[in-house]
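The structure that follows is given in the form of structure tokens.
Labels run A, B, C and D following the written order; every chain starts at residue 1.
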């Protein structure tokens, strides 16, 4: 620790040790945490927080230090050798510090949240392992190394969801399978990329490949792999399910922040560094379509949710849509917007999940029909939530507003349809957060009275839980008003591509801002209309939910019929049954057909030997005829 | 002792020692168990002793000239030592595991005899330089396999043992026809005397028939799931670690080292493998018997190995060899954990299991590690091998094939996740069962740990494979 | 002299052959059959067909047929009732006499038709050849004869001896 | 001098030994003879085995690998004289004869009590017949010894004079008689042409049939000849008698029949007439007649397949083994039909191996019959391995050997045969013959499954392992089967060192 600090202070050129710390320390401490005595909650928590702090410091050190890369030969297999190469430059350092900071905040929160719950030790362990792998993925400078860390996240993902509810781990399985699909696509994509770039697998050596022929396949596969991690449609559907069972810090950490950071990081690198994505090209359209579809469908589902965690989880999906849209435009403004939105989303989405966690801890539920007016008993949480909600809704001057404006700008430039759909998404986001905030924190105080002894009056959470929330909320404001700070960093990442552009400060196009504001106002009006119509905030969007036509669609969607995962599983099950039938058919050949055939043949032959000498003699003469024939033929 | 003597010790210690075991068993069971373990370990240690010279491309050779090209010989080149070390190591763990598992069963003398004999046959097969003796050892392994599958002697089990025997022996006989085809071409069965002859297509078909039947590849695979009725260490030994690798090893030995084949087989074999991978993976999703699922999984994973070895691209071959190693560890572990589960719950139907993570925590973790390795998820070792194999298919210029195998990989994830979740999570069905004995848990933990360690320190096996390929002259230098 | 000898042998042969059919006791029938065979070979020898004579002797077709007949008769015996057997027997009672008559008639015919005895070679020079053939060239067969006789006798012992005892037991 | 020594030994032991045994048995008082007759027989068989070994040793010591000699006295060699002739093929067969007779006697020791004397006598005669058969060099002598063997064999089948045995014996007899007729007819036709029946002379004639005065008659002679020996060797479709005879014979006799008699009487003769390669002196009669080779090859292959397939469906173990014998004899004939050195070596080895493994299996059947009273697979209790481990293991070894599963002896001989067939230019035949092994394995697995390899039930609690001479026989044959398999490479080297390859 002293060593790190001294390095930090010294600002040395070589930060190799920091890299090792970021990779090894969380992993080792993660294992230590789970191996500590069962009752050592305090000790474990200290180790846990210590790891996170050191990690954050190291990340800071890397951010402040100079760019450098390191490599050593790792695997030498045949003519295929993999350099274990890590590279620190502004982009990866940016992602690292974001991860580290959010992990630290959520970690502090977790210590309180998990107190008294079983398996906190495993959760700490997997949280730290997860962190180590995520650090590795961000640092990797070799596609295979990237894949190594990237796919390794599957294990921790599965484990952390499974910890939540051991009796029903279907969400964990779903997450595992969906992520596995994405990762497998990524594997193939990487393999194609390496092949197409002539065997180069160092990420800083690959020249952007033109999007032609097989390259298109490679691009799409890698992109899908990246977006799958970020949770874009069609890789989204595990997130709402996980929201139900998984521990809340997990939701804040993984779908809320970390996966978005990594997914978008890779998507940007794919679009910028590995392949040359041109604005207006077919691939660009493809990505943008994924983006808007993700926005609209996910936020559409979010609107009708009556459970806080589930509602938030749909937003975790829909916000990805904006980033994907931004990347898909392939315009500087879009990509900057996407990266900025990624950062913002990590901040406010974590905050939102943390506040949901606070609500769950206080009331024992996050069902909006059972809670109301929590502002009175949990004022600090309410403030934190409100700021984050305003931010995600795109209200100025919070950070979400600025990033969204950039993306709107890019979308408009790429096509009016995309812009309109993005605006529609913004409207629905705002509407659903109005409903959520109004229902949960405003109005008359209400909480579920199920068992009095276990459910005392809801109280404000301990400081360890609200402080991280407040810090995040503060960042929402800071990155909104002072958006020059993050944007400067982001623009430096993109380097030459940004030449001549500067997107910091107030949005350039005032008309777009006005349109956005109009949309927000319309959302407020819509909310008031709905509230008046039904009298309850939680039902404020029922007029959309139960609108003719939409109602049926929602019904189908709620039942899971529109879930691509279900389609996949249906297809796979049908396919598996077919395979099983084929397999049984083959087995039947061995077990029945051949046996029958031989036994019938055998019975027939044995029947020839029926014990009568006359028949035997007849056979002898048949045989003689045959021999005679053969003798004549071969003579 | 000279070099050639070491090979003889390696092969004949288990081969002949096996027949001592029943007599030792009459004296003392502990003595017998230890002797079995020692015999297998002797193979491992001697193989390790042979390693340096094999890596230095100066393989130890034992050769006994016989007329008619029947020469009897053992050659400890890199490939052979690689395979021998894997087999004997996993076998040693399995024998160790058996101490606990077999404790309460009858016929233990026969069990240890057959297992040790099997290892001896495996060693002989691996080192043999003569087609005929390869066949001989091949069939000895089939005999052991037959006795072991029918070990519990119930009617259904014996029927299945018979089926396995008939299918593998039938395949071997067809292969023998192919060997005679080679003989008629070269005039010898001695691989050392052949000079990379180009095999005609029909010979290739017959040899492939034998290989596929032993390595349980579609459409000759159904004996393998059926063989799950054997005691668990056996199924693990047979399926995962050793038996099914025979076919794969022979494939590598023949078509990487000794023979050239017409170009078309670099396409045909991967396609057979692809079909096998997909169909068996599909069947694994529907099955409910834990051992059958893992067996189908083996069929599916073997197809990956075949893909790697048959694609004709160095990366794929390297991946295939690495896959053999990783799969032996992980699949062996899976079968052994399945054994613990079966031992504890007395059922194999995953629908009747649940929540075992509470009662069998160590087993659960070991199962998870091995399953992740088989799925190919880093940091477990299976990841690299799977990547390399798929990469090989791609470099073959066939992205569709790579895609098909990716689908297979996805289905691997699905069925293993299904088993894992069904067995270890959900409502507890067997609240009062006990974890397996320390030998059993220790064995699986070791395999699981090795799956992980060799994933992180992947360069160890990878360099080994690289040296093998160098010695085979497949790489420059 | 020789002609007479041949004719005598032929006549004896026919008689013994007929006797084979007449005897109810299979052992006696067998012995007759053997005698027939021997007579045949003597005739053959006298006619100068040394090889054929030798082979006839060697084959001992009688011994082979012994077992052949006996097996059949063993089966049929159990099935046949005694009355049937008597009927059967009486039906063929005249047959031997008929055959003897026929045989003599045949011989007469042969003589009358001018069957030349001159063609039959003299005995003494051929005898050496016979000896040569039998004791030198065919000495293997002599051994075989011994074994064959043994085989026949044991076969008879196995198959008939105890039948008789059984019959005795029945009678007692 | 050594040659005389060899001839003396051979003569004394192979022919006179059994004769002596008969004499001893029948000259002793009857009660004593009943007791020791089997032991006397065993002594004779052991003597034969020892004699074979010493002959082999003498052969090697003198580097002369065949010898012909007269029986009683050595008169000046006549051209075309019928003499005894011994070479390695004969020795192999005689070793098998000695071995199987020994095992048969050991089996009889447990199963045939009151007829021991008769059994012993007949067995000795049978041995004489077979030994003679193996040593002669003249077609006519061959015929006579064939008859001796046949008579002894069918009386043995009928030994217990049960209805079944007599029926089987009758069928054997009937078919044998037909064979005899054909053989005699054939010999007569050949004799017409040559005036001699010495192998070499006949061979010389047959090798150039165009020079014969009546080629058509010669062809008919071949036809009758093939028919006769095919009946004796039970080649399909001349095989009808064999399953009935084997099944109905007493246990000890079925050991003898299955182990050696049919093979010596039929298959050996076929090998002998087809072989030209063993030595220059004793040319095979048909060794240069290509179409006869083809006919025998086809008969062999058909027998292999038919026997194997028909065996699968059998209920009775002995009957199954009988069909199995048809199949295995098919291999031997197939090997001989190639006419090449490898094929003949393979045929000879398979001859011996078949004697051991089929002997084992019939001894197993005898053991089962003795201990459980049945050989019906559906009636026999399951899981007898637990009760009769020795029988189970020996049957398993014999099964592997029969099915040609390495490393047991049967594999090597079968493999040599198939290799020879392959090299003679018929890969398809070789492939089919090889694949028949899998069917062989299938029916043996059925025996194993039904009888030995299973869960024993309470009904079999009373059953115990056989003891005494049966167990000894099982041990002996199993050891030979395993030993021959493992020592095969050494044998190969030995043959090479003697210039065979």
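We adopt the following convention: a contact is a pair of C-beta atoms (placed from the backbone, for glycine too) under 8 Å apart; a residue touches a chain by one contact, two chains touch by 3 or more.
From a predicted model like this one, the values you see are computed outputs, not experimental measurements.
Trainee: Using each chain's Cα centroid, which is most distant from the centroid of chain A?
Mentor: C
Trainee: Going by the touch criterion at the top, tell me which pair is linked by more C-beta contacts: C-D or A-B.
Mentor: Counting C-beta pairs in contact, A-B comes out ahead.
Trainee: Between chain A and chain C, what is the gap in Å from one C-alpha centre to the other?
Mentor: The separation of the two C-alpha centroids amounts to 108 Å.
Trainee: I'd like to verify one number: the distance from the centre of chain C to the centre of chain D, where each centre is the average of its C-alpha atoms, in whole angstrom.
Mentor: Each chain reduced to its C-alpha mean, chain C and chain D end up 33 Å apart.
Trainee: Between chain A and chain B, tell me the centre distance in angstrom, where each centre is the average of that chain's C-alpha atoms.
Mentor: The mean C-alpha positions of chain A and chain B differ by 37 Å.
Trainee: Taking the mean of the CA coordinates per chain, how far is chain B from chain C in Å?
Mentor: One centre to the other, that is 75 Å.
Trainee: Going by the touch rule set out above, what shape does the chain contact graph take here: line, ring, star, complete or other?
Mentor: Looks like something else, not a line, ring, star or complete graph.
Trainee: Go ahead and list every pair of chains that touch.
Mentor: A-B, A-D, B-D, C-D
Trainee: Contact residues on chain B for chain D in the complex?
Mentor: 64, 66-68, 70, 72, 132, 135-136, 139-140, 142-143, 150, 152-155, 158-159, 161-162, 165-166, 169-170, 173-174, 176-177, 180-181, 183-184
Trainee: Spell out the residues on chain D that touch chain A in their complex, using ranges where they run on.
Mentor: 167, 170-171, 174-175, 178, 219, 222-223, 226-227, 230-231, 235-241, 243-244, 290-292, 294-295, 298-299, 306, 309-314, 439, 442
Trainee: Quick check on the complex: what are the chain B residues that touch chain A?
Mentor: 163, 167, 218-219, 221-223, 226, 278-287, 296, 314-315, 317-319, 322, 355, 357-358, 372, 375, 377-379, 383-384, 386-388, 390-391, 394-395, 399, 402-403, 406, 409-411, 413-414, 417-418, 421, 425-427, 458-459, 462-463, 465-466, 469, 474-476
Trainee: What part of chain A is in contact with chain B in the complex they form?
Mentor: Residues in contact with chain B: 73-80, 144, 147-149, 151-152, 154-155, 158, 162, 166-170, 172-173, 176-177, 180-181, 183-185, 187-188, 191-192, 194-195, 214, 217, 572-573, 575-580, 582-583, 586-587, 590-591.
Trainee: Within the complex, which stretch of chain A touches chain D?
Mentor: On the chain A side, the touching residues are 598-599, 601-603, 605-606, 609, 611, 613, 615-617, 619-620, 622-624, 626-628, 630-635.
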